[in-house]
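Following are the structures in question.
Below are two complexes that have chain A in common, paired first with chain B and then with chain C.
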Partner chain A sequence: MALSDIAEQLDQADPSLARYNRQMLWAPIGIEGQKKLKAAKVLLVGCGALGTVLGNLLARAGVGQLTIVDRDFIEITNLQRQVLFDHDDIEQNLPKSVAAQKKIARINPEVSVEAVVTDVNHSNIEQLAAGKDLLLDGTDNFETRFLINDVSIKHNIPWIYGACISAMGLAMNVLPGETPCLRCIFETMPPPGMNPTCDTAGVLGPTVSVVSSWQAMEAMKLLTGNRADLSPFLFSFDMWDNRFQQLNVKRAREVADCPCCKHRQFEYLSGKFASATTSLCGRNAVQISLGTSTRVAFEQVAANLRNVGKASFNKFMLKCPIVEGEGERRREYELTLFADGRAIIKGTNEAGIARALYSKYVGA
Partner chain B sequence: MPVKVRIPTPLRTLTNGVDIVELSGGTVGGLLNELSGKFAGMDKRLFKQPGELNRFVNVYVNDEDIRFLENLDTPIKDGDDVSIVPAIAGG
Partner chain C sequence: MTNVLYFDNAATSWPKPPAVGQRMAAFLDSEAANPGRAGHRMAVGAEKMIDAVRKQLTDFVGGTDHHRLVFAMNGTDALNIAMKGLLRHGDHVITTTLEHNSVSRPLVAMAEAGFIELTRVGFSSDSGVIDPEDIRRALRPNTRLVAVTHGSNVLGTVQPIAAVGHMLRQINNGRTRFLVDGAQTLGVVPIHVQTDAIDILAFPGHKSLLGPTGTGGLYVNTGVTLDELSAFREGGTGGDSSSPTMPRLFPYFLEGGTPNTVGIAGLGAAVEFVVAHGPEKTLAHERAMVQAIIDRLADNPKVTIYGPKSAANRVGTLSLNIEGYTPQEAGGILDESFSIAVRPGLHCSPYAHQALGTFPDGTVRVSPGHFNTNEELNVLLNALAEMAD
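Then we have the complex of A and B:
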């Protein structure tokens, strides 16, 4: 279709679509694609760095229904990269998903946003994903990603993986039955503490934007019915090193003996590998046990935590003080990590907060 | 033939920040063993056991997964680009 024809059609189109004019001028979207976006239901899991960019782009693009789920509150150290939040949200002590909902209502009131404040786990993720056209990864930990992967494959709902740290990022489309799934690429997660996290090694705003913009673009292709244009690659980059790669993973489904998409064993969804949290009554502490047995390398964890607090360890356990927030919102915690990956977080009775701290500073 | 291997950020804590390491080449397995010998802790990050990579680390030669090539026996020639891609969790 010639551009002039599209422009003419847009003039006669539903006036409620006017705000999407520049997007509809792009022929593969057009008016029909825009209507498909409006009819789309998307679950955004995690509303931190990746999640806020995803929510911002997709709300502006006119995705009809967004369910945003997150367990966390906003801190001053989030503002450097979490684009939907500002100082007022911190003042009001809003949960991330609620602050995102309020901000999106001011950006595009036509988008229906459901804000859910919860820790996504094997007992609630199927309900959250039910009826959705797409699941988007805005999480900060492996366990939730493997859960999303299980739900996606089990219920045949596409998802888009994205992850980043410092200046590097990874992203990939998972189309059940068509592409490799995340466990075809990374079958297991690293033991806790082995890998640095954004809260121990840092992360730069542009890194986040590139990963989540890639995810958002793929989401728009998928939701407008342009599936043939989706990337079949694992997108990998390091912007500080000036490296951008499209890694060939097409054959991973054949080569990997994948427990999830080949054998349909949904080990994370079944709870087999789920971490468990127990509030330790009267101690203002929460215990976290992992679903997998492992050995933690304390030297590595202590090195990862060197910019967080002074970690001390012996053969049996590692202790590290963690301070979050400032002023009235300053909170002091103490992490005690055992050699099998189990941890006790002192300073809270809330499982969600403890699990978030574990993901951020130990990483699993 | 020496080959330059780029160390991904999450592994640079083990190389004291060094981002490119020159290794003597041969096969992918040979390169990674040599890398493990140079830096303490690298062996555990890369290998589950001798001759078997951890399932949270992938290696690509010229953007091809070595699992589709000859795995750790994949030969490395002059000019090949070797990428170590560890699973990352941030976001």
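Then we have the complex of A and C:
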């Protein structure tokens, strides 16, 4: 279709679509694609760095229904990269998903946003994903990603993986039955503490934007029915070192004896590999026990935590004080990590907070 | 899990005698009908099995009427049946600061609701034992119940229940009922409801009786009449179905719902094992292990041992703390670095920990049991010594 034809059609189109003019001018989307976006239902798991960019782009693009799930509240250190939030949200002490909902309502009131303040886990993710056309990864940990992956494969809902740290990023489409799934690529979780996290090694705003913009673009292709144009690659980059790669992972699906997409064993969704949290008898502490066996290198974790707090360790365990927030929102925690990856988080009785701290400062 | 050195027998004993699992599997595979007094032969068979285990347990606690042995889901359930069945509005109750939440929480809830008045007597932190005189002084004309644990689940110390029982009989025979929580003792320390002057004995099946979880019971001694009790759990009884309310007949009055037949079959095998082996031998074995821990660690400045520095009046339970580690961390290290299972925390007994000054973090509780070997004990001793080095 010639551009002039599109422009003519747009003139006659539903006036509620006017705001999408520049997007509909792109022929592969057009009016039909825009209508498909309006009809689309998307689950956004996590509303931090990746999640806010995704929410922002997809709301502006006109995705009809967004369900945004996150259990966290906004902190001052989020504002450097979490584009939907500002100082007013911190003042009001809003949960991230609620603040995102309010902001999106001002950006594009035609988008229906459901804000869910919860810790995504194996008991609630199927309900959250039910009826969705796409699941988007805005998480910061492997366990939740494997959970999304299980739900995706089990219920045949595509998802888009995204991860970043410092200036490096990774992203990939997972189309059940067509592409490799996340467990074809990474069969198991990395040992806790092996890799730095955004909270121990930092992350730059542009890194976040690139990963989530890639995810958002793929989401738009998928939701507008342009599946043939979807990236079959694992996108990988380091923008500080000027390295961009498109890894061909097509064969991974045939090569890997994948427990998830080949054998349909949903080990994270069933809870088998889920980490367990126990509110410890005693004071204000939660124990996190991993669902898979692993070994932690205390030296590595202590090095990762050098900018967080003074970590000390002996042959039995590692201890590190963690302070979050400022002023009235200042909270003091203590992390005790054992060699099998289990941890005791002192300073909270809430499993969700303990899990979030583990993901942020130990990482898995 | 078989490489775990299990020192958490005060929570539940493990392993169980092989006959327990075998009996349960056999019963489940070939006999597990719903018992009933008027039914087909399998139902009658299941009822007979339950009846036989009732008799076994009644004999074991010195009871005289096995219909007064009521099965329950666990110790907590048995205690609830007893306390909620017995207490009426305006009653006064005396209990101790050693009690487990299974005694304490129902009583505190009733007291907070204004249903009963509650007095709690303390214990000596040196001996870990209550003084029956404290109970005597707390008695009031409306004292309906004295509820005392036989063995502290934090300190392992054995309480003078016979002295309390006889004192109550002497003072106000029948007006004040004496409830004993045998959770930590039945199966190792002798309990005799007649000679100890106990009105109601509540117990779990899965601790020192070495039975499966999901079992427990209470023995309601012959002095206590059905008129004194109300049914805490009401429902089907497998007989007397025409009666619009629970049949006024022991044990059925207190036993609503399909019983845990498979578990009770296992409990029968467990009690057989306990009787055949001799509880006194197990007690001596557990005491020797606790004494060995005390002997090895009592002089270590980094270790605090709570309660008496002798195992003579203990069951196989000992609480300690190691400097530099919270109880939760010490428990984590024992599990992670040494594959030793112990139980850190408050052990569901917050008042005891308050009295010991170990609230709210608690202690590390080490509880050897029937099947622990000296090799296992040595690994434990070395691990504790290494941590306290």
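The working rule: the second predicted complex is superposed on the first by the 362 of 364 C-alpha atoms of A that agree within 3 Å, B and C clash if a C-alpha of one lies under 4 Å from a C-alpha of the other, contacts with A are read in each partner's own complex, and residues count from 1 in each chain.
We take it that a residue touches a chain if its C-beta (ideal position, glycine included) is under 8 Å from a C-beta of that chain, and two chains touch if they have at least 3 such contacts.
The structure displayed is predicted, hence computed values, not measured ones.
When the two complexes are overlaid on their common chain A, residue A:N248 makes contact with chain B while staying clear of chain C. By the touch criterion defined above, A:L280 lies against chain C but remains apart from chain B after alignment on the C-alpha atoms of chain A. Once chain A of one complex is fitted onto chain A of the other, the partner contacts of A:A167 are limited to chain B, with no touch recorded for chain C. Touched residues of chain A, counted separately for chain B and chain C, are more numerous for B. After overlaying the two complexes on the shared chain, residue contacts for A:A13 are found with neither chain B nor chain C. In the superposition on chain A, A:A339 makes contact with chain C only, not with chain B. Contact with chain C, but none with chain B, is seen for A:M317 once the two complexes are overlaid on the shared chain. Put simply, chain A uses no single residue to touch chain B in one complex and chain C in the other. Every residue of chain B that touches chain A in the complex is listed here, in rising order: 6, 8-10, 13, 19, 41, 44-45, 54-56, 58, 60, 63-65, 67-68, 83, 85-91. Chain C meets chain A in the complex at residues 326-329, 332-333, 336-337, 344-348, 360-362, 387. Across the interface of their complex, chain B is touched by residues 46, 48-51, 137-142, 145, 162-170, 185-190, 194-198, 201, 203, 208, 211, 234, 236, 238, 240-241, 243, 245-249, 251-252, 255-256, 297, 299-300, 303-304, 359, 363-364 of chain A. Chain A meets chain C in the complex at residues 280-283, 285, 287, 315-317, 336, 338-340, 342, 344, 346.
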